[in-house]
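Each of the two complexes below includes chain A, the first together with chain B, the second together with chain C.
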Partner chain A sequence: MSVPLLAPGDRVLVKDDWPEFRGPAHIRTPHYLRGKPGRVVRVLGGFANPEDLAFARPAPKRVLYHVVFERPPLWHEGEAGDDVLVEIFEHWLQPVPAERQAA
Partner chain B sequence: MSEIDPQHAIHDIGGLSRFRCTPVERDEAPPDGFGKRVDALRQVLAAKKLMTVDELRRCIEAIPEPEYFALTYYERWLTSIGTLMVEKGIVKAEDIA
Partner chain C sequence: MSTPARPESLARLDRLVAALIAKGIVTESDLVEAQARTDRASPEVGARMVARAWLDPDWRRLLLGNGAEAAEHMGVSMAGAPPLGVLEDTATLHHLVVCTLCSCYPRAVLGYPPSWYKSFEYRSRAVRDPRGVLAEWGTTLAAGCRVRVVDSTADYRWMVLPMRPAGTEGWSEDQLAALVTRDVLVGVALPRLPVALAAE
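== the complex of A and B ==
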């Protein structure tokens, strides 16, 4: 496993990417999180990339995180403080620039 | 993203309102004879290095939604195994139709 680039507490943005619309793909990142902001809760470790495993390709380990999201903006339901905790691989996450974190 | 997007694989249905309030399936019955034969087929193909469970999962989740919900658990497996074997050129689609 490579060294995790993110740490608990880091603000992140899930990439607004849709590989499944470009061709055969196997994506574990839920569609409703693409482009959404969240916060890293913990590093779960390194796991073989399921996007490669699903096609029997060599699957290098990628860092997997628990990332938490506010629920109301995702699904337009729930109360402030409700959240959704999802396992997301590092290659789907972008750090939010420091100046935006301060806002 | 639009609510109804048929291109989402069938595992990716979190938060879609059309699946709300559907009962949780609690059918944990052991596989019947058909299910055991399908699993045996999967194990033989895996032992021969012709498929992996990760590939099995991909082709299960690629089953179009109406067909997916019309099939039983092991029928989905068998559909996926057939898709994989055709994809890999091991059998022809017409041979398993």
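== the complex of A and C ==
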């Protein structure tokens, strides 16, 4: 496993990317999280990239994180304080710059 | 509610197994062992892990730190199985597990998932309206308890470590394990005392 670029507590943005519209794809990042802000809770480890495994391609290990998202902003409904905890691979996450975290 | 397999599916399975054996990819005894392992897996394993965590702080630490290692201590072979993560409920945080992408489920310690867990309805609603789903299960959370939905999307499998119910002081591991159902381990239900005892 390569060295994790993110650490618990880091603010992140899930990439607003839709590879399934460009061709055959296998994706473990749910639709409802694309482009959404979250926070890294823990590093889960390195795992062979399922996006490659699904097509029997060489699958280098990628860092997998547990990332938490506030739930009401995802659906525009629900109780404040509720959240969703999801496993997301590093190549789907963008760090949010510190100045934006303070804002 | 599964429908019986169609004869042509069974015939195809027989041909597949014969081909895998002919190519030396699996043996008959591999298949027998895999079948036995699958048959042994049941929510009773997960229930016992929870009951033990309620009684033994050291075991609780092991379970929360490395669920797969804890399962191995229970005699479950985790070789080749995905890592197991354990989600600790508290008075202010309740966990509910779903796999919105497919039906990832900690089979090694819970056995086969129920059909509702794999249903489109549960998968789409649990992540959007978990409190509505819990209400339909008759599950009432204490005021001020947050709900954390755990969407099992990748390489881990997740089970819930619920809070030990009040009124179970002095209970044995067997008595406690009997309170922990499959639904409790997924997080749609809470451990409940038998009605007769709860009424006292």
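Methods note: the second predicted complex is superposed on the first by the 103 of 103 C-alpha atoms of A that agree within 3 Å, B and C clash if a C-alpha of one lies under 4 Å from a C-alpha of the other, contacts with A are read in each partner's own complex, and residues count from 1 in each chain.
Basically, a contact is a pair of C-beta atoms (placed from the backbone, for glycine too) under 8 Å apart; a residue touches a chain by one contact, two chains touch by 3 or more.
Here the structure is a predicted model, which means the values were calculated and not measured.
Peer 1: If we overlay the two complexes on their shared chain A, which of chain B and chain C does A:20 touch? Say first, second, both or neither.
Peer 2: Touch partner of A:20: chain B, not chain C.
Peer 1: Quick one: is A:54 in contact with chain B, with chain C, with both, or with neither? Answer first, second, both or neither.
Peer 2: After superposing on A, A:54 lies in contact with chain B but is clear of chain C.
Peer 1: Per the overlay, which chain contacts more chain A residues, chain B or chain C?
Peer 2: C
Peer 1: When the two structures are overlaid on chain A, which partner does A:32 contact: first (chain B), second (chain C), both, or neither?
Peer 2: Both partners.
Peer 1: Touch test for A:87: chain B only (first), chain C only (second), both, or neither?
Peer 2: It touches chain C, and chain B stays clear.
Peer 1: Does the superposition put A:75 against chain B (first), chain C (second), both, or neither?
Peer 2: Both partners.
Peer 1: In the superposed view, which residues of chain A touch chain B and also chain C?
Peer 2: On chain A, the residues that contact chain B in one structure and chain C in the other are 30, 32, 50, 74-75.
Peer 1: With touch defined as at the start, can you tell me which chain C residues reach chain A in the complex?
Peer 2: Its residues touching chain A are 83, 85, 100-101, 127-131, 146-156.
Peer 1: Could you please specify the touching residues of chain A with respect to chain C in the complex?
Peer 2: Result: residues 28-30, 32, 44-45, 47, 50, 64, 68, 71, 74-75, 77-79, 81-89 of chain A touch chain C.
Peer 1: For the complex, which residues does chain A have touching chain B?
Peer 2: The contact residues of chain A facing chain B are 20-21, 26-27, 30-32, 34, 50, 53-56, 74-75.
Peer 1: For the complex, give me every residue of chain B touching chain A.
Peer 2: Per the stated touch rule, the residues are 1, 5, 7-9, 12, 14-15, 51-52, 54-55, 57-58, 61.
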